[in-house]
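What follows is a single structure, and I will ask about it in a moment.
Chain lettering (A, B, C, D, E and F) follows the sequence in which the chains are written, and residue indices restart at 1 in each chain.
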Amino acid sequence: MHFTYLNPTKSAVFKDRFVTKVGETIVPFEKGRNGEVGLIGLPSSKSSISLSMAANAPESIRKALNSFSTYSATMQHDFRDERIVDFGDVPIHPTSVSDTIDRLHLSIQEMLQIDACNRYIMLGGDHGISYPSIHAFQKKYGTIGVIQWDAHHDVRNLEDGGRTNGTPFRSLLEEGIIKGEHLVQVGIRNYSNAEAYDQYANEKGIHVYMMEDIEEKGILPIIEKEVERLSSEVDFIYLSVDMDSVDQAHAPGCPAIGPGGFTSRELLSSIKKAAEFPKTRAMDIVEIDPSQDVRDMTSRLAAHVMMKFMYKA
Amino acid sequence: MHFTYLNPTKSAVFKDRFVTKVGETIVPFEKGRNGEVGLIGLPSSKSSISLSMAANAPESIRKALNSFSTYSATMQHDFRDERIVDFGDVPIHPTSVSDTIDRLHLSIQEMLQIDACNRYIMLGGDHGISYPSIHAFQKKYGTIGVIQWDAHHDVRNLEDGGRTNGTPFRSLLEEGIIKGEHLVQVGIRNYSNAEAYDQYANEKGIHVYMMEDIEEKGILPIIEKEVERLSSEVDFIYLSVDMDSVDQAHAPGCPAIGPGGFTSRELLSSIKKAAEFPKTRAMDIVEIDPSQDVRDMTSRLAAHVMMKFMYKA
Amino acid sequence: MHFTYLNPTKSAVFKDRFVTKVGETIVPFEKGRNGEVGLIGLPSSKSSISLSMAANAPESIRKALNSFSTYSATMQHDFRDERIVDFGDVPIHPTSVSDTIDRLHLSIQEMLQIDACNRYIMLGGDHGISYPSIHAFQKKYGTIGVIQWDAHHDVRNLEDGGRTNGTPFRSLLEEGIIKGEHLVQVGIRNYSNAEAYDQYANEKGIHVYMMEDIEEKGILPIIEKEVERLSSEVDFIYLSVDMDSVDQAHAPGCPAIGPGGFTSRELLSSIKKAAEFPKTRAMDIVEIDPSQDVRDMTSRLAAHVMMKFMYKA
Amino acid sequence: MHFTYLNPTKSAVFKDRFVTKVGETIVPFEKGRNGEVGLIGLPSSKSSISLSMAANAPESIRKALNSFSTYSATMQHDFRDERIVDFGDVPIHPTSVSDTIDRLHLSIQEMLQIDACNRYIMLGGDHGISYPSIHAFQKKYGTIGVIQWDAHHDVRNLEDGGRTNGTPFRSLLEEGIIKGEHLVQVGIRNYSNAEAYDQYANEKGIHVYMMEDIEEKGILPIIEKEVERLSSEVDFIYLSVDMDSVDQAHAPGCPAIGPGGFTSRELLSSIKKAAEFPKTRAMDIVEIDPSQDVRDMTSRLAAHVMMKFMYKA
Amino acid sequence: MHFTYLNPTKSAVFKDRFVTKVGETIVPFEKGRNGEVGLIGLPSSKSSISLSMAANAPESIRKALNSFSTYSATMQHDFRDERIVDFGDVPIHPTSVSDTIDRLHLSIQEMLQIDACNRYIMLGGDHGISYPSIHAFQKKYGTIGVIQWDAHHDVRNLEDGGRTNGTPFRSLLEEGIIKGEHLVQVGIRNYSNAEAYDQYANEKGIHVYMMEDIEEKGILPIIEKEVERLSSEVDFIYLSVDMDSVDQAHAPGCPAIGPGGFTSRELLSSIKKAAEFPKTRAMDIVEIDPSQDVRDMTSRLAAHVMMKFMYKA
Amino acid sequence: MHFTYLNPTKSAVFKDRFVTKVGETIVPFEKGRNGEVGLIGLPSSKSSISLSMAANAPESIRKALNSFSTYSATMQHDFRDERIVDFGDVPIHPTSVSDTIDRLHLSIQEMLQIDACNRYIMLGGDHGISYPSIHAFQKKYGTIGVIQWDAHHDVRNLEDGGRTNGTPFRSLLEEGIIKGEHLVQVGIRNYSNAEAYDQYANEKGIHVYMMEDIEEKGILPIIEKEVERLSSEVDFIYLSVDMDSVDQAHAPGCPAIGPGGFTSRELLSSIKKAAEFPKTRAMDIVEIDPSQDVRDMTSRLAAHVMMKFMYKA
């Protein structure tokens, strides 16, 4: 038996011998397998206040990795050998959000215990996943600093609807998992938050940067200054990237889109800047609903964000 | 102060003096207000196995009522005076499906206790709403017979995912709320169910009609025979209309669309037939996700189903 | 009778106790009711040269107000108490544009006579509405200055097609309702106008700023200089915002979209700048066709424009 | 100068030497040119009660003619030599519906005076075009019988909105252009009309066939009987095809879509039946809004309707 | 290392313990692996006359198999153990159609030589794939009879454009691979073919059934009669299913959609009928362009066609 | 015979007497006809690695020219008399890419031999068309310099798939049609190319500018410097505009969209800058797939690029 062209276990997509797609560097985790970056999918969006199919984003972002090659021309380096170890997606519970949160938390813990990777990427899902995720990193790595790209504070009260996607940082702060001064929020917008939560952010000492701050000072100096500060205060820096921080023209696939946000270039350059610091070792990407996207633009942008984090270039 | 054209509390849409839109006959419930038909929205779809925005259907179906007038030419009767009493939508819990089920159940109970209407329409949401809904009717009206239009049995086991939209009739049967022989399922399809659930249906004595039966015998004789039988065995007949019983060409907005189902005409004429029997006094319409629909076709079909039930014409 | 969860007259959408949506501040006008800002819908688009469903924009923009809260973090002020008095939509005549223009004009006059509000927002419809609207303001408030965001002059001849959406400022100038030097046009584009109308604009003394001027000097200094000038020359400043002044990437829902226009940020900051001047007391927003929009982006941007005008923040 | 492949005045689309597309048989009218069928576009939809871009349908239907060849296999005849003489589109007035109606009427009159063709097809636009169109035919050809495929009577009062697309047959009857008994309406639906208009239809002696009649008796016997009757009573039979008589699954591009209408097969076979009678010499096709269609399905169906009329096969 | 929920090599989609999805029965071919049905993807559509992305259909049809379970209720049999052996997709040549045809032919030959399966399903791609496919079956199995569901003859001349998707049966007939009387075409439509090709079909003795024949006699008797005949004349029967034989309302995703074709039910029941005969051992499904489909309806219908062929139920 | 409104050979679209649309300046080439700019369509996209319907772009771009007028307000000049001589589209071969390449090359050669125009615009199609196009210009005009706007080098090896849209500049360099130092690439992106091709570009002496260079230095100085240099080194400068150099938010209709590219303003101003140099006499625009575009935005941008080239304003 010999096949001239067929290969039952391989894609038949055109292959240029000199090109490695980022998607080709993904390998499923198996015992003993190590890699620079670990990847895990957290397809949970039943905690969203607004209806959301963000649970489909891990699939669409992984697929978008096939739109990119591993070569950085500015670095003159091909990252084809930097494999991504994929731990798969955590199965969510169909009818219990609290059970789902437990599953996410436990699964990340189990992933981290293996010590197979140096850095990690979590693909949401809605922003609710950051609570069990950051909690798991805190247990493993100690004091955590967080840079959050977001139009919203996400510190809503927990009484009105439980642990929704509007509450992850409230949960983290209330339970002492992170400290207010170790949380940096960039891209917060007028008319997208409430007075009570702005005051809460102030009281807790969160470092908040409005879009107006960014227009005035530029995003890069802000990121640089804050990651430098955090580097001296925490053990581990975690980036939490809510894609609705990006302008609706550049990220049309978020449930809570709006005008006046980051451009793609601002997002990409700021992730790269943050990733350059050695303590920056984890990132989640949340709030992409592929069913509402235009030509998977937002997933493609998310995939590019992954490369900025992984390759620092 | 006098306005020649403006009316701050009324729509400015064109009004033909001789036309009454069905939507115009809706009045919000208030104390002391009676009507032939009561309407309630059950915007719950977080219990769906597949991601679903069916929670948006009560809004889209109500809106589609404005595409129809109240006049039946075949009856030569205008139903403009048969008002629909609207009890509004039950607020769902953002993160707890079991809390939502309780809210749905209690709200329907409270609605029925008032005795303001003779018949009722429940707008889902996913099919999960039929469990708390039928339970409430059983408490109020006694033995319930159910005609279920559906491609699926909806008697999945409760262990794998809790009370999802695949389980309502399992819940009702297991808890003795309805009896197997009082449940009639029409439109069940091959390759859409499991052997275990077919056997369960048989063991419980559910009367199952496959699409093949319908193609062979016609839907109207089946409905007529079964509603007649139920009329002599139960106190109250409840129609449960899963729109995915309709062919995907005619109901493109269901989460679980597929080929080989009912045409619109078959659905409409069979609802009318069932509604003609005096014990037929309640109906739910479920499994429409407006975000996946084509030009609100499926919501418009659902609105027409409402008229067939309300006006029996 | 008591409902635990149901409320027949209220939306069942999730409510965070600390958040006020801008949409919640809208109250229908009734005798004796005052407010800072009056709102009126002008759903007229049969005067459009190109086919347009811009008449649906008042509904979509009002709905988009529910995507925003009343809190300005940069001002540290919650505008929850600044209610919007809604006078509803003017019913248009189905087959007579001239009758519609009369209805719009008379309705705005009647609204202004009540003196219930200090400032006003008119939601089009196409740009044809600015002629009857500005005329009504001129009758009430005296000399009017207009800042027009637009890719087009809108001073077409009236012979070729009557009072279309390409003619409002021609009508206003020809009838002496406004003076040329009191009309400022920003965002005019090459290849979007005719030589004859450019010359007409020059002859009439309109202050025209091309996109090239804006790229060179920035929009804010231009707005500041012109509103300052107008403040000393007129009694009342009216902003006329044609959304097609915005780049097609940022406002995909305009009938006459094109590349090379304002970004969302440029539009929003320039509206805020103009609104800060006390004589700036009216604004219309026109030329959004929701049926051609992407995820209501353009209506959402228009809603944000409203906030910049209302809250000056 | 010689081009091997280029032809500046011809489409570069693939051409099979044995295939003639129906679109290739269209020739623009010029003095002295005759043909079996004349074609005229009536791109008027500003008279629509609901917003409509049906004015774009003449372009989309003409384009759809390129999806069909001229060969009828059941007849074993190729109609490649039966050319369609195209009189072009009537320019509508941008802001005056009454002016537009005059233009349509006069243009059809001028077309008919030339006597260049034996039969005619009018492409709307909305149904408002049938009033000036049928009037022109009546002036030229005498007593007119009309078969109207429609979900609606279209005999609304003229006071509430003038001559909208809901009024053409009211206008024709009131002005004595046609008689009630010479108007046959097939496909009328429950909940799509008003009691007053049903009574009006009865009083005027219109022959009305509900969808229920069609389901019971079949469309072909009804058409046959009525065209035979008309053939003995009138000079000329005109078919007026409102595409919303077709079920929404088969004609998704109509502004007033709904369930329970004709299938494509029913429409096509009934047009063929009516066209077989020698007095059947004109047809209009109305109420397709290409901007709301799915893959131009409805325009493609309309093009097929044209062939059934033109080729009677 | 132990994961409680994670499984890096398995989908995290909800699993009901009693349900087997058809997609789960697919196993990649490997040496020594047998199965009832072999599956191969032929993602070739650069031979299409009209631009087509039908090459993406093997992926979308395979994915649609996850919408169906393996249980036939009418048979009371679960086909969970009837595995589908997947040989993967043939890599097409990016710029050479003739090279691609060679690859398809050789790959199918190599697949058949292994004798791993009893029956085979080929997923196109456009209809051009049937030429190399049927040729391979003829070499292996002897005289081939073909039932072709299609609106078109597909016997175009080879001079005007080479071996396009309009020519496969011309190629097969001209090269003597099949005989005219062994080719049965069902669903051929008026105005979709040319006189020359109709004559060619007659001369070659192809058995042609127009849609008019099917409306008159029904599809099942035709299929039954022809498959019986072929069973006595040929060694092997091959079904070639061009999805554009189905009405555009039921198969909106075909490049050459049109009205007046098969309903889904007619297609499905006729495939089942043909599959019941023991000599029916191969089927191709062609002409689905997923990028033009509505909610993958056409791929889902194709998947159902596969089940009718595989399970004969 | 006289028509008051009808004109069988002219569009009925609204005409403002003072406006000339760019589309109105297009005249089909005929013997003896000259003009400043020649236009040719190259509807070839079967050479695309990824499936593409870019062959439809010549039609959509020409249509988009009707969205623009001929008047440049910044120049105060109306280009209504600068007619575009249209040579039509080259018919492609349905199944042979190499035959298509020959047809494109020969057709452009034949067009140039006539010397009817001073400058030329080629509308693709995919980027594969630049190889036969530039080759034709080189034969006619001597040494060619090329400025390529692109995210990709397009110098892939020719072995893996033949002359795809990823290879045009490889072909041109390998065959000595252009020299490496005469090729300037702007907008090249990280993770969109391969190391081998970056090295190839370096070895060949291509002048490469990454997006990072453009963000740092601005696009205008780069263009100015390079066009000045080329002006002294070559006989003729050809612009090759791959629209995927533009950010996906601004050019959503390209097959290979991605974030981080040019804004519309950057593209337009840089084309104008390059066009101002007298040796800049040809331009191609490639890689727009209208079927994937949003409201023809990308074709509209391409049309604007044409004006920047034609009118240098």
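Keep this in mind: a residue touches a chain if its C-beta (ideal position, glycine included) is under 8 Å from a C-beta of that chain, and two chains touch if they have at least 3 such contacts.
Everything quoted here is computed from the prediction, not taken from an experiment.
Peer 1: Which chains are shared contacts of subunit B and subunit D?
Peer 2: Intersection of subunit B and subunit D contact lists gives C, E.
Peer 1: Could you work out how far subunit B has to rotate to sit on subunit E, using CA atoms and steps of 5 degrees?
Peer 2: To bring subunit B onto subunit E, one rotates by 120 degrees.
Peer 1: Would you indicate which option in E-F, B-D or D-F repeats the interface seen between B-C, with over half of the contact pairs matching by residue number?
Peer 2: The B-C interface is reproduced by D-F.
Peer 1: Round to the nearest whole Å and give the separation of the Cα centres of subunit A and subunit E.
Peer 2: One centre to the other, that is 42 Å.
Peer 1: Roughly how far is subunit C from subunit D, going centre to centre by Cα mean, in whole Å?
Peer 2: Each chain's C-alpha centroid was found; their separation is 40 Å.
Peer 1: Return the residues of subunit E touching two or more other chains; collapse runs of consecutive numbers into ranges.
Peer 2: 14, 49, 94, 161, 249, 292, 294
Peer 1: Considering only which chains touch which, label the overall pattern as line, ring, star, complete or other.
Peer 2: other
Peer 1: Which pairs of chains touch each other?
Peer 2: A-B, A-C, A-E, A-F, B-C, B-D, B-E, C-D, C-F, D-E, D-F, E-F
Peer 1: Would you pull the subunit D residues touching subunit E in the complex into a rising list?
Peer 2: Answer in residue numbers: 14-20, 22, 67-76, 78, 249-250, 264-265, 268, 294-295, 297, 300-301, 304, 307, 313.
Peer 1: Going by the contact rule set out above, which residues of subunit E touch subunit F in the complex?
Peer 2: Within the complex, subunit E contacts subunit F at residues 45-49, 51, 53, 55-56, 93-98, 161-164, 291-292.
Peer 1: Which residues of subunit D touch subunit F in the complex?
Peer 2: Result: residues 1-14, 28-31, 40-41, 43, 86-92, 94, 103, 106-107, 110-111, 113-114 of subunit D touch subunit F.
Peer 1: Write out the stretch or stretches of subunit B touching subunit E in their complex.
Peer 2: 49-50, 156-157, 159-161, 166, 188-198, 208, 210, 212, 215, 247-249, 252, 256-260, 292, 294
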